[in-house]
Amino acid sequence: MNALETVDLEKRFGGIVPTNSVSLRVREGARHALIGPNGAGKTTLINLLTGVLRPSKGKVKLGGGDITNLKPHQRVARGITRTFQINQLFADLSPLESIALVIGEREKQGARFWRAFGGDEAIAREAASLAQQFGLADVIGERTSSLPYGKQRQLEIALAIAGKPRVLLLDEPAAGVPEAERHEILETVAALPKDVTVLLIEHDMDIVFGFADRISVLVEGKLLVEGDPKEIQNDPRVRAVYLGEGAGD
Amino acid sequence: MLTILFDGIAYGMLLFVISCGLAVTLGLMNFVNLAHGAFAMLGGYCAYVLVNFYGVPFFASLPVAFLFAAMIGLVAERSLYVHFYNRSHLEQVLFTIGLVFMTSALVDYFLGSQQRFINLPSYLQGRFDFFGVGIGKYRLLIILVCALIVIVLQLILGHTRFGSRLRAAVDDQRVARGLGINVNRVFALTFAAGCGLAGLGGALGAEILSLEPHFPLKFMIYFLIVVSVGGTSSITGPFLASILLGIGDVAGKYYAPRFGGFVIYTIMIVVLVLRPQGLFTRGTSK
Amino acid sequence: MLRKSFLAALAATALAVGTLPAAAQETVKIGIITPLTGPFASTGKQHETAARLYMQQHGTTVAGKKIELIIRDDAGRAENTARIASELIQNDKVSFIAGFGLTPLAMATAPIATNAKVPMIVMMAGTSIITERSPYIVRTSFTLGQSAVIIADWAAKNKVKKVVTLVTDYAPGHDAEKSFVDQFKSKGGEIVESIRVPIQNPDYAPFLQRVLDAKPDALYVFVPSGQGSILMKQYVERGLDKSGIRLIGTGDITDDDILNGFGDAAIGVITAHMYSTAHPSAMNKEYVAAFKKLNPSLRPNFASVGAYDGMHLIYEALKKTNGKTDGDALIAAMKGLKWESPRGPISIDPETRDIVQTIYIRKVEKKDGELYNVEFESFPDVKDPVKAAKK
Amino acid sequence: MSTADTFRQADAALKKKRAWHWLEYVFWLAVAATVFLFPSQHTLLTQIAIWSLFALSLDLLLGYAGIVSLGHAAYFGFGAYVAALFAINFTGEPLTVLLVAGIAAGLLGLVTSLLVLRGSDLTRLMVTLGIALVMYELANQMSWLTGGADGLTGMPVNPVFGVFPISFRPTNSYIYVLCVLFVLFVVARRIVHSPFGYSLRAIKGNPLRASSIGISTNRRLIAVYALGAAYAGVAGALLAQTTPVVSLTYIDFQRSADVLLMLIIGGTGYLYGGIVGSALFLIAQKFIGNVTPQYWEFWIGFALVVIALFARDRGVFSIIERVANALRKEKAKP
């Protein structure tokens, strides 16, 4: 059964059609990568999957259930969440607070207005271990805005994982990370729990081929081809449209 | 009945002349200038002092009121406003309300708290009948002068280099700067012109809108309504909105004196709620 | 920052305890609360000048007691008036509170005066019901009903058959409208329409247009004193002056303070009121001259005599109780007092503690370059009709 | 560091954040001391306490949820009128009156929040302004109910718990208002440190991320807007109980502007801004007012411009802000 599926998904902004009848299938526990040149419609597709945008036509299915008409926060409750290419963090809160917040929301304790935040030991304990796991233990109490960029990227992913998602959309996790710290991010991505299905949106080929077991290529809003890394690497169409130009870098 | 329509148009025209400056300030610079009414008041008092104390003929005082308010606008923009362009709307509100309080207190100190009138030349007073419709001479003057201003504004915006640069800057500052347009200078000149127009409107309006130290606060709501209903992306939006508001206010008072106030405020809320983004900017949220 | 104020407070308390008033001669304090800022600031300035003038002329000791005047601004907001009143009573231990430029301000302070048993002298607010709000209220200004009834009588007698009334929509306006309508109808007159204008109103034009269409013989108007000028401006601008509709009303609309700003169009307007700067008595001439010397920019209007006579009432009451400041004794002393005021003979009605005075019919005329309300008919000893009708 | 150490550290940091800082104890002791130290100023202090509660209600919206409002007096005035009418027609028992006023204003907040929460800051400024103006017109037109421009008088105020009389007793009134302020402050402090409170700060910090970690931003903002309206309603009821008249000035633009200015002077986002700001604002107004009654407006305007210019971040009173930051840093350090 597919963890995540789209059926003839389409999005039209007047004349332009960034998502043109896309039928994407991501299997349970897969390490699926979505690649494509800039302007291929990757970001629009993510926004359609997370509910930020409503599709003009077609369906989005999560674990078989239709989530096309759900709002973003309802979809998160169903188990699909994302990280952001450009950090979207809570500047005033500390990593501990941010992670504990996500766990609180997940456990449906987010709206409680009388209990103390972090009072629930289980949540505090889980938040601490997650922070440890993402190498944030030493900065656990600092204001997020004062953290080094690399640590912020780690927090980006930690927040997504803290929601215990069934499907995780990883949007260029290593974007902007200096060469020296890239390996930390890649290790974290590799160490992601096996039961989480990951759709990696990336254009850096080393990361893609080091990580993905299935790859879909998106060009001008349409799914050009889908296959395992080997097929994609040798596919003439992909090479011509995409790898051919960027073969050098 | 036609007289009410006539009065409404005159009132609307006056509101437009005063608030079109605010529409441009908001649209161009995304700047909440609650002190816009203060420039209108300064123009009004400038004309009042010139005509009543120095015997300057009424028509001569209008351009001076325009220049006086524009000059003060320029000085204020370069010295104070410039620090607030990339600050939050809340800080802009705080700053401009502070300015309003200061100008009101200064005018109250120097020119007293009573309501002031500009001595109009006799040929502008009274009314005449035009096929049974009572036409107030002064209100007719307002319509003519304001119509002239609207036409001149359209010409400047539509057919001059400055106009095109202004519209480009309104559309997207970054792109405009990219094209080598000195956006800051466009800001400064447009802000000053906006204040000048407000000053002129203040001078013209002394007869109808009460000219007294609390003018900026009292009429701020009217100007904000014109901008919120009319939008800031073009001149025609605020123009239609001010005519609608002018007639709505006058007719509201004539036909339902008890509910005059409601009409305008409810229009504002309804429009804001239905098209919060659309009106303020052309679909794209700045 | 908190620590500093903590120490300052300690020092202040020690100082205050140290210098208990041991002066032989007791001081009687009078607290005047009036709007010195905001839309009604002109009333406040009249009160302040008149009160200071009275003390200048009549000295600062009465029945062996030194008089001290404290003037506070309430900006025409009722919550300020109430707060200042209780502060003056609590902290400054005033024996009188006076002023009250608007009806809501007097209504807000009435319960405080009752509770503290401190005489409360109303020097401006004109709604009839105010004196019923507390047994410690005495009024030296006027009631709307007094002027409205007299102008109604005059109109009925002078061939005015159909009248449209236009009043501001708040308590004094309702009083002015009701007294006029009842009196005018009782004399056979017809009320074509009663228009009420919202108090927050920047523009009278549409309402006046309505009057023009109704074509009455006369338009009866009541608006707060500051609004008279814009109403007159738009009355002319609408062409009502040339339409044969006579403008009549209570004296508020041709307030002496701003009459000159109206322009010649105001000439001929008939009003009824209890005071005019041009009142021909010798006492008034002297009063006007002294007032102008104290504050040249102001022309004394009906608000000023409200304050001037209020001070006189306080001085006389203290004389009668030879300086004792017990509230009930003072109020008893005030009842029934009669004296000559710049406006003419006045007295305090013992039952209602309201003012009984002569109401004059006056016409706006130009005298050596300035506009005045010239009195040409007088009706002595007019009581407040609204309360009289209730009996 | 082992997970256990990290957890101990984390738990300590979170607990420290909630705990009362010693400076807060000193603050409230000083506030309580004013009852004895300034016996002659109780009427002014009562007003400061009421404005503090009103500014606190706005801080919940602005400081914690980032909702801008230029018409918060709508709920203050509505609470006052409901309190007065309820007391006149039913019972003058003060605490019930406060409760009823709070609930009524909260409901009004709930209803109007649907209008306010659409659109950007600018639209919210205008919509809140519009709502307050409509409420003003309503109060003015329905003079048969609200007394219109003359105000509503004759509101009975029974002694608190039947024993502690407050009407016409400045000292008792001040103690009563202070207690209500303190209780509501503690409640607000608890709410702000609850998961709900943190989710507000998350929404204010980054609405996009907040919704993408499962927070339904609209429902939370509606809830806090209603809470803020309820607090403002209670503040309005308190003023109605301690001043013998409820007039249109309870709901006019001047009041909405003043409370916003007080909060910004005191600084937003740490709950004490409202109290500090209203104290500074009203004490300055009283002393400047007595010196030059006419031109008080000039100096407050001047102060605003200076604050807006020089208090760099969020225009807050920079000195207070630095103290607040010191306060927060000290707690946040593990």
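By letter and in written order, the chains are A, B, C and D; residue numbering begins at 1 in each of them.
Rule of thumb we're sticking to: a contact is a pair of C-beta atoms (placed from the backbone, for glycine too) under 8 Å apart; a residue touches a chain by one contact, two chains touch by 3 or more.
These numbers were taken from a predicted model, which means no experiment stands behind them.
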Ignoring chain D, what connected groups of chains are left?
A | B, C
Pair of chains joined by more contacts [C-beta pairs], C-D or B-D:
B-D
Suppose chain centres are the mean of their C-alpha atoms. Which chain sits farthest from chain C?
A
If you average the Cα atoms of each chain, whose average lands nearest the overall Cα average?
D
Taking the mean of the CA coordinates per chain, how far is chain C from chain D in Å?
38
Whole-angstrom distance, CA centroid of chain A to CA centroid of chain D, is 41
Cα-centroid distance, chain A relative to chain B, in whole angstrom:
50
Residues of chain C that contact two or more other chains, please.
37, 41, 169, 198, 200
Identify all positions of chain D at which a residue touches two or more other chains, and write them in rising order.
140, 294, 296-297
Which residues does chain B have that touch at least 2 chains other than itself?
113, 258, 261
By the touch definition up top, name every chain pair that qualifies.
A-D, B-C, B-D, C-D
Which positions of chain B touch chain C when the two form their complex?
3-4, 7, 11, 112-115, 117, 125-127, 134, 136, 138, 207-210, 214, 218-219, 249-251, 253-254, 257-258, 260-261
Going by the contact rule set out above, which residues of chain C touch chain D in the complex?
2, 6, 9-10, 13, 36-37, 41, 72-73, 75, 77-79, 82-83, 86-87, 90-91, 103-104, 107-112, 115-116, 127, 133, 169-171, 198-200
Given the complex with chain C, which residues does chain D contribute to the contact?
26-27, 30, 33, 37-38, 40, 42-44, 47, 140, 143, 148-151, 153, 167-168, 170, 239, 243-245, 247, 249-250, 289-290, 293-294, 296-297
Report the residues of chain B in contact with chain D in the complex, numbered from low to high.
26, 32, 80, 83-84, 87-91, 93-95, 97-106, 108-109, 113, 217, 221, 224, 228, 258-259, 261-262, 265-266, 268-269, 272-273, 276-277, 280, 285
Complex interface listing, chain D residues touching chain B:
62, 68, 70, 115, 118-123, 125-127, 129-131, 133-134, 136-137, 140-141, 253, 257, 260-261, 264, 294-298, 300-305, 307-309, 314-315
